Structures are given as structure tokens and as C-alpha cells.
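Chain lettering (A, B, C, D and E) follows the sequence in which the chains are written, and residue indices restart at 1 in each chain.
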Amino acid sequence: MMALEHITLIIGSSLILLGLWGLITQKNLIKIVISFTLVDAGIHILMISLGYLKNRTAPIVDGTIDNAVEQIVDPIPQAMVLTAIVIGLGITALMLSFVIRLAKDKNSLNVSNFKDLKW
Amino acid sequence: MSEETKHNNQPENTEESNKFPKEHLQKRTVYSPDGEKIEIDPLQDYYLQDRPERRDPRYRVVEKFLNWARSESLWILGFGTGCGSIELPPLTTPRFDAFRFGIAMRPTPRQSNVFIISGYMSIKTLKRAIRSYEQMPDPKYVVALGSCTINGGMYFDSYNTINRLDKYMPVDVYIAGCMPRPEALIAGFNKLKQRIKEGRAEGANEYVQRFDEYKANQKQIIKDWNMPDYNW
Amino acid sequence: MVTPIYIIAIALGIAFSLGFFSKGSKGIASSLFYLALTALTAIAGQWLIAFLTGDQSTVEVFTSGFKPPFSISLQMGFEEAVLLSMINIAGLLGAVYLFDQFKKYGAHLMITYLLLIMGLDVIVMTRDLFNLFVFLEIASIAMAGMALITNEGKSVQAGFKYLTATAIISAFFLIGIIFAYNFGDSLYINELLMSEGILKAGMVVSFLIIMPLILELKPFPANGWGLDMYQATHPAVGALLSGASVTASAYVLYKLAPLGGEIGYQVIAILGLITFLGSNLAGLKQSHTRRMLGYSSIAQTGLVMIVIGLQPMLGEMTLWIAFSILITNFLAKSGLFWLAGIINKDELKSWGILRKHPILLFLFVMFVIALSGLPPFPAFFGKWELIMALANSGNAWWIGLILLGSLIEAVYLFRWVGYGIKDKSFDFSINCSTYKTIPIYIMGAGLIAFVGYYLNHYFGDVVWYFIPLAFAALMFILDFLPAKLKNIIAIIGMGGYAYYMYDHFLGVDNLRFFFALIFIVGGILTLIPGFTKSGKRLGFYPAALLMFSGLGMLISATDLLQFFIAWEIMTIGSYLLIIRGKNSIKHAFSYMLFSLGGAFTMLAGFAFAQSGNPGIGLEVLSNMNYLPGLAAALIAIGFMTKTASLGLHIWLPGAHAEAESDVSPMVSAILLKAGVFGIILLFIGIGAEAATNHPLTYTLGWLGALTALIGNLGAAFQEDAKRLLAWSSIGQLGYILFAFSIMTHLGWLAGLTYTANHAAFKAILFLGIGGVVFRTKTHNMYEMGGLIKKMPLTFITVLFAIITLAGIPPLSGFAGKWLFYNAVIMKEWYLQGTIVFFAGIIAFLYSFRILYAVFLGHLKDKHRKIKEAPIWYLIPQFLLMGFIMLFSMQPELILRPFGDMISAYFPTDALTWDNGTALTSLGYWNGFRVGVIIFILFGILFGWLFLTSRKVKKIKSFNIVYAGEAPERPETTHMAHNLFAGYNKALGFLVAPGITNIWKWIDESTHDLGDFIRRIYTGNAQTYLVHIVAYTVIVFMLINFSI
Amino acid sequence: MENIAAKLLWTFLGLLIVLNWGMLKTSIVRKIVARVGGRYGIRWYQPWINLIKLYGTRGQLSHGVMFYLGPVFRIAGGVGLFLFMPLIFGDPRWSNFAFAGDLILLLYFKFFGMLGMALGAGEGGHPYSAIGVSRGLSQYTTVEIPFTLGIIALAVQYDTLSLTEMVAAQQGGIANWTIVTNPIASAALLFSMLGIFMHAPFDLVKAPNEIPIGPPTEYHGSYLGVLRTNAAIMHITEAVLFMNLLFGGANNWIELIIKTFLIYFITVFIGVVFPRFRIEQSVRFFLGVPLILGILAIILIM
Amino acid sequence: MKEILERINQQFNCSAHEHQPENLSWVQLDKKQLVPLLSYLKHTENFSHFVLLTAVDWIENNEFQLNYLLTNHELHQDIAIRVMIPRDEPEMITAHHLWQQIATYQREINEMYGINFPNSPRVNESFLLEGWEGIPPMRREFDTKKYSEETFFPRPRQEGKDPQTHMKQKLYPDEE
């Protein structure tokens, strides 16, 4: 029986790889953005899995709980994930807005059509 | 030759020379590198327009000596005008060996003092002959060869060949014949030497003396006179 | 002190509050925005000042009261303060520059901009890994957002590429962070660096941390996205990218590099080198200004990476070197990008418009020179230290490759400068708004200030050394004055300098004094023709004085650094002079390339030479430890590019011929002697004894002989008068090189005699022909002719110079030939000597040709009203002719001091003097008697001819015998074109442009290689992603394999 | 003062002898050539007559200052060469002004006249003059290579550049002459001598038939007289140079006259046997066998 | 050769015939047909060499005759083409585009006979007679003797002796 952290590790890693694969194979701009979010999600899962400690609870600390440090999982990855999600969201949003502009410009979503700059 | 007469002469010449203008002798306008406009009159700018000058001997004794030297050193201008020019080369062969009389061939008028008009003289050639004659330095002698130069010879009625050379340049010695053989030539040269030694071969000065007359004759038949009056 | 936390606070606060302003209150919003940027700058500046004044130590700021790792910490040390100041100044000035854009886009843009600056600030300061990630992301988002300023398709594409690339890079970084946290148990950089866990975890973790940082720096070839960003976005964004963003990223790399350990450093250095070389190569064929600047930026980043990577080797100097390079790149690139924005055209050629704006042109040239790493700009000092350090640690290959990269960079940069200075094909005008130019001015001023700072740092104790440079700088300021006034000022200044030389060197070091005489007095003489020019003659005097001050500084240099700086200043000055000529873009360019190439080999040679020596004084040349043979050869090659020896000569004819009339004598008669001076110094350094049978001198001897032959032969077949003289210079310098290579007393005496003579007669010739060209407005000899009648004085001087050149007695040229013969026979270099003699005879061909074709023969139509050359051209010629006459008639007066100079190095086999007769063990020669005999003889014979020729009639041009015909035109009668056709038929194959073709081939194949390399930038966003991934994987594999 | 006067007198005397010997040599040579061809040939005094005639020309023309000075340069070169040349060995009266300079001076002073003449011819403005000069200079460049190599070989052999000392070293019979002691260098020098005298087959410079007489096309009258005077002096002086270099110098005038005549006759002999070279042919010729001989001479002394 | 002549006769409707000497044939035809014939001969029948162009003045018939002579070097055959043009209107079509040297002949003929060849290069420049004025000298109405006597200063005739008798007397006075 695989441990939870292993499962998340594997899922995270495969999501990242899947995303990377998508990034470098998919021609559609939207799909590229989606691939990026896949990578992002994979990383988030990876982070969580690395910060996970067995049999501990979420790091929501409150004055009433004793030994909080021993009962909760490592809080830092959790905080990091939160921030990372926010940032990922921001990037995704910006990417999408770029995609909109690109699509308006050339009426196409194929990444190969945007090669005005080269060499 | 004063400035004035030179200018007086000038207009006629240009008029006449413009009748058959050569492109390169026409007046032209060019621009200097600074953009200044320059009028070029080739005849004026590229040729000396002075009339020839008489150059008389100064000291009799010296001149006698020099005349002897001149007579013993006759340098012929290599200018073959007619069929007679084929009679000249044998002069240098062992049979006739003109070198022993001090006769030599020079390829440039500047260095020669004898001009052999070797046969019939067409108008076209006459122009060149006059130019070459005038370019020879004083003193200079003319030997005319063959009857063509005397009275036109067999070309007496040609529309294009002169009859009498002495109307166009002073001739020192005529050698008659059609054509005269090299022996006759050598005899002519001896005659010429004699003349020089006697101081009678002053053809150059005579040419200057009667310059206008000669020029008039020359210009009468040379219609496209495209050179200055006297070719220095 | 204001804690750095306020940087974040102010930026964020203002940024958020800006959002509340309605469109109506734009004024308030923008003033608030500028206020915020000023505040940021002020805070950074305040810290910088505090650190500079000395009583401040590094401060760590912890947020939210916790200590790390539980909180974010910011560090404010000296380095951070410097970098923050740079970034914020860039931000503030960039904002000023973008004034119109802010007006157009309002608060949105302001917010983005503020966030960008803040992001970069925090990237520098933060000591928390995750925080670093966050702000890297913020900065990239903001940067990508900035790409939208210019709302064009291209710009949007570039932004998208940038965004996807940085996103993927930061994803890698995030993974690295996770692992780092997992193994190192901390995100606090200070702790991580010391954490044993990371080391234990092996290479993968540090790789995942460092690699993304390297990728952030846009390493070649995984950098297409960055290039597009440079190319397509608003130039101000490019400036920020190149100036601020790179600075911040490089610092982060520097901070985290220790994670990788020794291998990490190596990897960084090698990747840096690849980037430096590859990027410069790819930039070679670039014709789009901003993209080319992008290539250059990336190359500079590569250089910084090299420095960071070589940290273990460089030790304490790392930061200094990196800072020198960064600050130059920062100031110059920002300035250049902003200039690009003003010009607003893509093609390099359009920079010719700057000719209309002298100050901007000046700044442009200064920026480019600074970028190329030439002194006295900071980057030069950085490179100098880098190379010296590399040599000290025995890394010859690194030196070679770095210098190669620098040379390639110089190729495209100086091609661009050429267009900027000279190209006239523009057909538009530019709008220089104050708010756009002021930031550029400030950057320029900053650069100059840094020059001052660096000079003070390096030469605080020898400030006097740079006085001539200051004078040249003064001429830049005084450039608005009329030319004649400036000429007077320049001559006075040079006079003062001459006095200084006289004061310091006469009797102390006569060899130096002699060269000072050539350089400075020669300089004054060649400046005199400048009086003919009216108007302002912008740029001439600063350049000329720059060159002359460089020459003077060469004389008074006491160590290698001073010498090299002087050398490069001279090169820059002469380049600026040469490029002033009408058709000289190409030639000045090749001159600059050869000069730079030579200078770089010299630099390498110097580096090897000083390696293992306690100092860098010039005396190290006599004590070379590290690769002494190579060092000497490299230094010699450096000097020989200046003396245009065979193989390195192809730049000379064009450069000297196409320069202005009064510049040609400067560069030919005077400048070339700098190379001679250098070679003498090198030989003295090697030591007379050691060098006598040194393979180097033997080789140089042959080279000199062949140079003389080919140079003179080349001169014989020229149609262009100045080109002829230029080729003749090559030949003459061949003699000089040969004479000095003989390495005996007489050889050197011959060499010095040649040097003095060449300086004199070549100046006369170039001035004389310059005067002719000034009047006739053409260089082609067959278009001249008959000018003796119009320019008799020039003819006389040129005739004397030619007789000197040909070495015909009684003039002084013969002194050189005579000494040379004796020296050759005593040295037993018979074959070489014969070749040189052959070359000397060939000199007659061109001597006759230039006299005949220019002055004799037939006067052309359009020169009928030409005047004598201006008096200002004639004065120096006659002065120099006076010198030649003095030398000819009293050779003892000049040869004796020469002999005394040389006796210090070669005491044996000296020339002895017996009552005016010079004696060697072989022969004898009495210059005075020969002169007198010849002059009297000439007089008598002239009298004889005068006596025997009576009534000489002066005739005109066409009164020649012409086979009974009359010449048609002077052009057809003047037999000047292809005069030596028969000779060409027999020996012309020797001057077939073989060497030129070799260089051309090198040039073309390098360009083709560059062109080939840049084909990887397909423009497809996805390809770039593949690049990034593949680059990471390949580097990872390679590291794995090498371990 | 007296010394100088005497010196000048002796030198002038020497010049007169050389000049007249040069003229006589010309006529003798031409006479010999004529006799070979079965002709009577010129009178032995013909050169003097020609000279008198040329000096006696009544009017002269001048194209300009350089044109006028050209012959002066030329003859100054010739007479100067004579002045710096020691004539008779062991007799200070006939060593002229050889104390002012050595072989190198002679080597370079030759060009004085050449360049002056070339310039004079140039100002004459005649295209043939320029062609002639071009050919002359072209040919001369390569003629000088074997010459230089030979001279260097001799200088090394005798360890001096002084012509007087070289002659001194060759005293004492034919066995000591350079032509015997150093035949290869001598061969190189003799080859270059052919070019220096510009006799056939190396007389394209003057090319009497194609381009009338080359550089002096425009010269006439006393200019030409001066040039001819110079030619007479030059030929003998150059022959004296080779005599001093290769044939042991001369101890008296008779020896000098005989030796110079024989030396000059070498070139005449070769000249009547061989046809003329074109310019690039003669340039290549001198870069062939003579050059190899010269290099061989150098290699032998190295 | 005969075949060639037949072909010519067929094509140009003229009477070409052989003549003496054996390898010379004559063609006479109209002036408009000249250039086609020349072109034909040059390009088809391989008469590659243009030898000469001369003119004859038939003042009695009031016409000029122009002779063009061509050679075929392979067959060793010459062919002469004769064109008659009226004297009143002396003009001929130029053929210099076929052989450049024809221009020079035409120039000479123009100078000597006054036959004009429009569009021939430099045809009006003086060639042999530099600056001739008046009737072209080779026309038969030009009286060359009269011209010479008027222009060239004829030397007055001397009463000469008969050379034969004179020399005989001088050399062999003894003989009869």
C-alpha cells in the first residue's frame, strides 16, 4: 500500500511532466496555457507532499491547542503553496489576456503563426 | 612678334579653322574642382601661338665651324612620305653606307636637322610634314626627292597632290628622278653639305622671313587647318 | 536611517492607492508616482552614502518580528545599496523617459512600473528563497505587462514569449525551492548556504536552484524570448531589462552560486563563456538596432556570469570586476536603448541622423566605446583585472576566448558607430523632447563620473599623467568654438605638452624624447593645415587631441596599464579622426578592428608578461616568466598591427588614403611610429643581449623585409595618390621593423634614421598631396597632371621628400640606406637585406609615378585655373624640408645623439666619427662633403647647359612631337593610368590580394557562422520553451557525465 | 687650399680623359660593328662632330623647369658617379673624391641622374617618354637584385665596402682578381652589367623603332648634347666600376682604357648576338639565372 | 556554285551568271534587293568575307555603279554584286550592319563620289580628303587637271631636250 505522500509525489511529478510535454508539443495557445497550469498544479501538489508529515493536521493554530508544533504539518509549504497558487493565478490570467490579444491580432490560436520576431 | 600683331592674326585663323572644326579643338567649357567655370580654347591654351623667330648666326668664324659640324652630322628625320621612302633604307646598307658621311636616321623631329621629302606629297601628308618641319630645331634643311616634289611628276594633274614643294617650305636640294637611286641621294647630300658649308642653307630663316607667304600657300590647300600657325 | 522595508511599503502603498484615482486626477496620480520613485531612489541613495562614508555595517531587516526562517529577511549591505541605487536610478530615469507613455496609459502603467521596480529591489535585497521566487514572478509579470506599452502585434508576442518562458523557469525554480527546503530545512539563504543537507542531497537540488537563475540571465542559446523582448518592446523596457533586471538577476546568481560548490562555479563560468561568445557571434549579422543591443546585453551578462563563475580564482576582485562590467553595461545600455527610442527606427543605418545632434552623437559614441571595454571606461578596468587575474592563475585559454568574444562584439558595435557617425542615407527627422534626452545626459554624466572615479582609483597618485587627456576632454567642451580658434588652442596646448616632454625627457631618456618629438612636434606641424578649414569642424579637434594625448601618454607611461590605456586612447582618437574622411566608413571600421585585435593580443601578451612579477611596471617586459615566447610574440603582433606589417597591413591603405587631407599625415607620419616605439620598448625589454639571436627578432626581420617588398610593390600599382602613399608607408614601416630586428648598434641607428626620415618625408608627402587633393578634389593621379606649373612650391617639397624617400644622396634618406647596408652585412642577413634593397628600388617606381602623374605631364582642362596649395599646407612642409636639409648636410648632428641613445643598449660596433666622416668597420661616408660636391657639381653643370643653350623658348603643353599629329586632349596624352603595366605583367602576381582574401574569408565565415547560429531563434514561443527545457537537460547531463 | 685646387685640376683632367675616351670608345665600337657588317662605319671623330653640332643648335625649346633641369640632373649623376669613383689604383691624383663615400654611395648615386632624367622626360609631356621611363625603371629594379647580391658577396669577401680597398685586395696578378676568386658572384655582377648598360637585348627602354628613343624624345640641341656627354662619361665610369669590382682595377691609364674597352665590349658582343627582350621578359630574365647565381654567391659566403 | 547562283536567281529574280575568271560570278540587281541578298549570302551561303565596295561613274548612262565583292573561303568562290543607282539621286542603302568595315568603304565613296549612305556611321566625316569642298573629285564631271593647275602652282614648262638624244650625245658622242 502506497503512502499518501508517495501517491501525491507521483501525481505531482507526473502532472509536471505532463504539463511540460503539453508545453512543448501543443500548438494551441490555450492548450499551452493549460499545460502551464498543469505544471503549476503539479508543483503545488509536490510542495504539499514534501511538507506533509504523517498523522498531523492542518496548521491552523489557535491559542487553545497545546503542542501545536507537534500536531500540525510543516506550515511553511502550506503557506508557500498558497502564495504560489496566487502567483500562478496571476500568471495564468496575464497569459490568457496575452492570448486574447494575440488571437485578436492574427485571428489564430496556433502558436506557429506568431513568428514575426526572429533571428 | 608683338602682342598686337598676334591678336590681329588670330581672328582669321579661328574663323578658318572653325570651318572644319575638330571636336577636340573647339572651345569648351569645363568646371574647375571648385565649381568655377573655365573657358578652354585649346588652340590658345595648349599651343604656343607665337610666330617663329629669325635666328641669325652671331659670329662668322664660329658659325663657319659650326656649319662644318652641321654638314658633317646630318640627322635625317624618319618620315617617309611617298614611294621614295623605300630608297632611304638602302643608304644604311653596306653597299651605300651613308654613315660614313655622318648621316644618321633619327626618329624624332626634335633631334634631326634634315627633312627628306621622299616623293609625292598629298595635301593630307603635307599638313603633317609642315608640322614636323616646324618642330625641328634650327638650323634645318630640306631635301626634296623625285620629280613629284619638283613639278608634280606623274601626279601633275592630281586633285590631291601638290606640284611644287618649294611653295610650301624652303627646299635646299632637289634630287630629280623617278625615283632617284641611293647614289643620287648621296650626291644630293654632298650638294647639301656644300651648301651648308657655304652658309647658304638658311632655309629655316627663309621660312621665317617669308612666313606669311608660305602660310598663305599652305592654308590655301589645307582646308581644315586645325593647328596653330606655327607648330613649336 | 530609513529601513529598506519602506521601499516595499512605499511602492506597494502608492501602487495600490494609484488605483483609486479617477481619470480626472491624473496630475496628482503622476506626481505621486514620481514622488514614490524618487523616494525609493532616495532611500537607496541614503544607504549608499552611509556605506560610502564608512560608518555603516551590513544590516538585516526582519519582517513581522520573527527571525528567519519564520519570517522574510532583507539584507542591506554595501553591494545591495549599490545595486539598489542603480536599479532605482534606472527606474526613476526610465519613468522620466516614459513620461508620455504614463500620460497616455495613466495609473495602470504606473502601478505596473512601480511593482516592477519594487520587485527588482526586493530581488536584490531578499535573503529568503521563496520570497525571491515571489518577487522574481512579480518582476516578470510586471515586465511582461510593460511589453504592452507599444500595442503592436510584435510587442505582444514578445511579452507572451517572455511570460511563458519566465513562468516555466520559475516553475523550475519553485521545484528547486521545495527540494532546498526539504533537504536544507530552511528558506533563509544565509542558512541554506551553510546547510549541510543541501550538500548531502547532491547536485540535483543546487542545480535546480542555480539553473533557473542562470536561465533568468538568458544564457545563449536558450534566450530567444529575451531577445524578442529587447527587440520588440518599448526601448525604455529594454533599458530596464538590460540595466536593472540583469543587474538584479546577476546579483541573485552571485548570492546563490556558493550552493553549487566548485562545480557550480565552473558550470556558471563555462555557460557564461558560451553565452558571451555565442551571443556576440549571433549579433554579428544583426541589422536591427535593439535586437543587436539585446545580443550585446546578453553577451555582457555572459561576461558577468564568467566573472561570477571564476570567483574562486578571482577572489576579492570578483565584485570589483563584475561591478565594473555591470555599471558600464547599465549606464551605456540604458543610454543606448533610450537613444534607440528617440531615433525610433530599426535599421542600424538610420543612426546617421545623430549627426544632426552632436551631443547625442558624442554620448552615443562614448556609450559604445565604453561597452566595447575600451579605456578609460569602467568595463575596461574590469576586463583588465579579469585578464590579469586569469593570467596570474595560468588560464591562457580563458584569456584568448574572452578577448575573442570582445573582439566580435566590437565588430558589430563599431560597424554601428560607423553608421552613426557617417551614414547620410537618413530621410527623416527626430524629435528630442527634453524629458527623453535628460535621462540620457544623466547616464552620460554618470559614465564620465565613473571614469573619473576609476582613474582616481587606479591612478590617484599619478594624476599628472592624465592631464593631456583632460586637455582633450576640454576640447570636447570647447567644440562649439570656430575651427581656427580651436586650432590655435590645440597648438598652444601641444606646445605646452612639448615643453613638458622637453623638460622631463631630454637628457633623461633621449629615446623617449625622440619619439615625443615626432609625436608632439610632428603633431603641431600637422595641425597647422587645419587653419584652412572654416566653420566649426565639429569633432576634429577632440579626436586629434585624443590621439595626440594618447601618443604623449605612451611616452610617459611607466607601467603596462598606463601604456595600454594610452594605446587605446590613441586608437580611439585616430579612429574618430579617420572616420571623418569622405568614404572612410569601411576603412575606419577595418582600422578599428585591426587595432582592437592588435590591442587585445597585446593585452594578452601584457597579462602573460606581468604574470609572476610583483608589479606591472614596464620593466616586467624584461622579466617574463609565464609563456615568455608567446607573450613577446603577442605583444609584437599587437604593435605590428599598428605598424601594418605583412598580413596585418590590409587596413592601412584605405584608412590612410580616405582620411582627410590633413589627417593622413597625422596617422601616417606620426601615428605609425607608436607601433615602432612599442617594438623598441619590447626589444629593450627582451634585452639587447637576449634578443640578438632571439627567434622573434629573426622572424620579425624576415617579416619586415617581406612587408617592405609587398608594400612598395603595392604602391607601384596604385592609381590613387594617397593610396600610393599609404602603401609606401607599409613598405617604409617594413624597413623600420627590419632595421630594428637586426638588433645591433648600426641596425638600430638605421632604424631610428628611417623613423626620423619617414616621419619627415611622409608628412611632407601627405601634406603636399593633401594640398593637391584639396585643390583638385580628386585622389586619382591620372586625373591630375601638369600641376608643377600651378603648384611649384608643393612640387619642390614633394620632390625633396621623394629624393629622401628613395634614399638618393645627398639627402638624408641615404644615411638610412648606408647604415642599413653596413648593418645588414655585419649581421649577415644577406638575403633579407637584398629583399629590402629590392624593395628600395621598387620605391623608385612609385616615386617617379607620383611625381610624374601628379606634377608633370599635361595639365588638365579643369585645373587650368587652379591655385598653389594653401599656405598652411606649405608652412609645415617647408619646416620639415628644413629638417631634412639639416639632417642631410650635417648628419653627425643627428646621428651622434642617436648613437648615444643606442649605446646604452648596444655598446659595441658603434659608428665612429672622424671629422665629419662616418666610419664603420666596413665603409665610410661623409654626408657634408657629398652634399657639397653634388650641389657644386649641379651648379657647374647647370651653368654649362645655360651657356650652351641659347634663346630658350618656353612652349606649351601640346607642343610636342606626336608623329606629325597633334595631341587631342590632355587626358589621352598624359600617360598616367596603369603606368607600370609591363611590370605588373611580370611581377603583379605578388600583389594579388591574397592576404586581403584570407581576411575576407575569415570575416565572411565568421559572419556566416553568426548567421547560422542565430537561425535557432525561430521566433516560435514553443521552440523557445523547448530550448529552455533542452538546455536544462543537456547541461544537467553534461554535469552528470563530467562528474 | 693648394691641395684642393690641385685635386680639382686632376679631377677635371681625369674627367676630360674619360669623356674623350668615352667618345672614342663609342666610335670604335660602332666601327667594329660596322666592319662586322661589311660596312665602312662612321668616322672615328663623328661623336665629337655630333656633339659640336648639338651644342651649336640655334634655338632651343623648353617645356618647363624640370624639363630644363632633367639633363642637368642626368649629367650631375654621371659626373658625380665619376667623382666618387677611384680611377687608378695607388695614385691619389686619380682617386677623385672617393674619400667622401664608399660603394653604397655609388650604388645609390646612380639613381640621382635616373630620377632627374625621368622627371625631365616626364615634364616633356610626351607619352613615349613616360613609357620609356616606366620600362627603364621596371627593368632596373630587377637588374639591381643580382647586382646587390654580388656586391654584398664581394663586400663580405673583402670585408669592406670601400672600392679602393677592394681593388687593393685584387692586386698581384690575374689570380687575385675577383672574377677568378669569386666566379659566381662575378657572373651575377656581369649579368646585371648587361642590364645596367642597357644594350641589346635589354634596350627596350630606348626602343629606337617602336617608341622613338624613349625618355629623351623631346630633348634636342644642347640638352641632347649634355645627355650624350653624360652617356660617354657614364659608360666609362660604369665600366670602371666593374673593372674595380671584378678585374683588379687599373694601375695606369692604359690599363684602364684597355680594361674598360674590353668590359664594354662584352655587352656590345652580347648585344649584336641576341635580339631584344620585351620588358616583362627582361624583368623575368633577371629574376631567373642571374638571381639564382646571386643567391648562390650569397650562400657560398654564409 | 551553279546551284548557288540558281538559288539566287530564283529567290531574287535576277540573272546571276558565272564569269571569268572561273571562281568569280556576277549578280546584278535592284538596289532594294541588295541588303537581302547580302544577308542571304552571308548567312545562308556562307560568303563570310566582305572584300570590297567600289563605285564607277557611268556619266554617259547617268548612273553610278556600286560593286560589292564577297568571298566564300570554303568554296574559294567570289561573288560580285553590281547595283546601279541613278546619278541624279545618289543614295544607297547602307549595309554596315552586316560587315562593319562596309561603313569605311561607304565613307570613302561618299567622299569621293558624293553617294550618300544614310545612317552609315561617320559617313559625313572627311576621310581621305581632309576638308574637301566642291564637287567630289572622282566624279567624272570634275576636271582634275584644271583643278590642279588652279591650285597647285604648276611649274612652268621648260624647253627641255629630248632625253634620248641628249644622253646619247652626252655619253656616246662618238657614235652617230
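The rule is short, and it goes like this: contacts are C-beta pairs under 8 Å (C-beta built on N, C-alpha and C of every residue); 3 or more make two chains touch, one makes a residue touch a chain.
This structure is a prediction, so every number in the text was calculated from the model and none was measured.
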Set of chains adjacent to chain A and to chain C: none
Shared chain contacts [chain C and chain E, defined touch]: B
Distance-maximising chain from chain D - centres being C-alpha averages: A
Identifier of the chain whose CA centre is least distant from the whole-structure CA centre: C
Remotest chain, chain E as reference, centres from CA atoms: A
By number of C-beta contact pairs, the top two chains: C-D
Rounded Å distance between chain B and chain E, as computed from the means of their C-alpha atoms: 34
Centre-of-Cα separation between chain E and chain A, whole angstrom: 106
Between chain D and chain E, centroid-to-centroid distance (C-alpha), Å: 58
Where chain D touches two or more other chains at once, by residue number: 58-61, 217-218, 221
Of all residues in chain E, the ones touching two or more other chains: none
Touching chain combinations (by label order): A-C, B-C, B-D, B-E, C-D
Residues of chain D that touch chain B when the two form their complex: 30, 34, 37-43, 46, 49-50, 52-53, 56-61, 208-209, 212-213, 216-221, 224
Complex contact set, residues of chain E against chain B: 126, 128-133, 137, 142, 144-145, 147-149, 151-155
In the complex with chain E, residue positions of chain B that touch it: 19-20, 123-124, 127, 150-152, 156-164, 167, 217, 220-224
Chain D contact footprint on chain B (complex, rising order): 53, 55, 57, 65-66, 69-70, 72-73, 93-94, 97, 99-100, 102, 106-108, 110-111, 113, 137-139, 204, 232
For the chain C and chain D complex, residues of the former touching the latter: 786, 788-789, 792, 799, 802-803, 806-809, 814, 817-818, 821-822, 824-825, 828, 830-831, 833-834, 837-838, 841-842, 844-845, 847-848, 851-852, 856-858, 917, 921-926, 929-930, 933-934, 937-938, 941-942, 944-945, 948-955, 957-962, 973-976, 979-983, 985-987
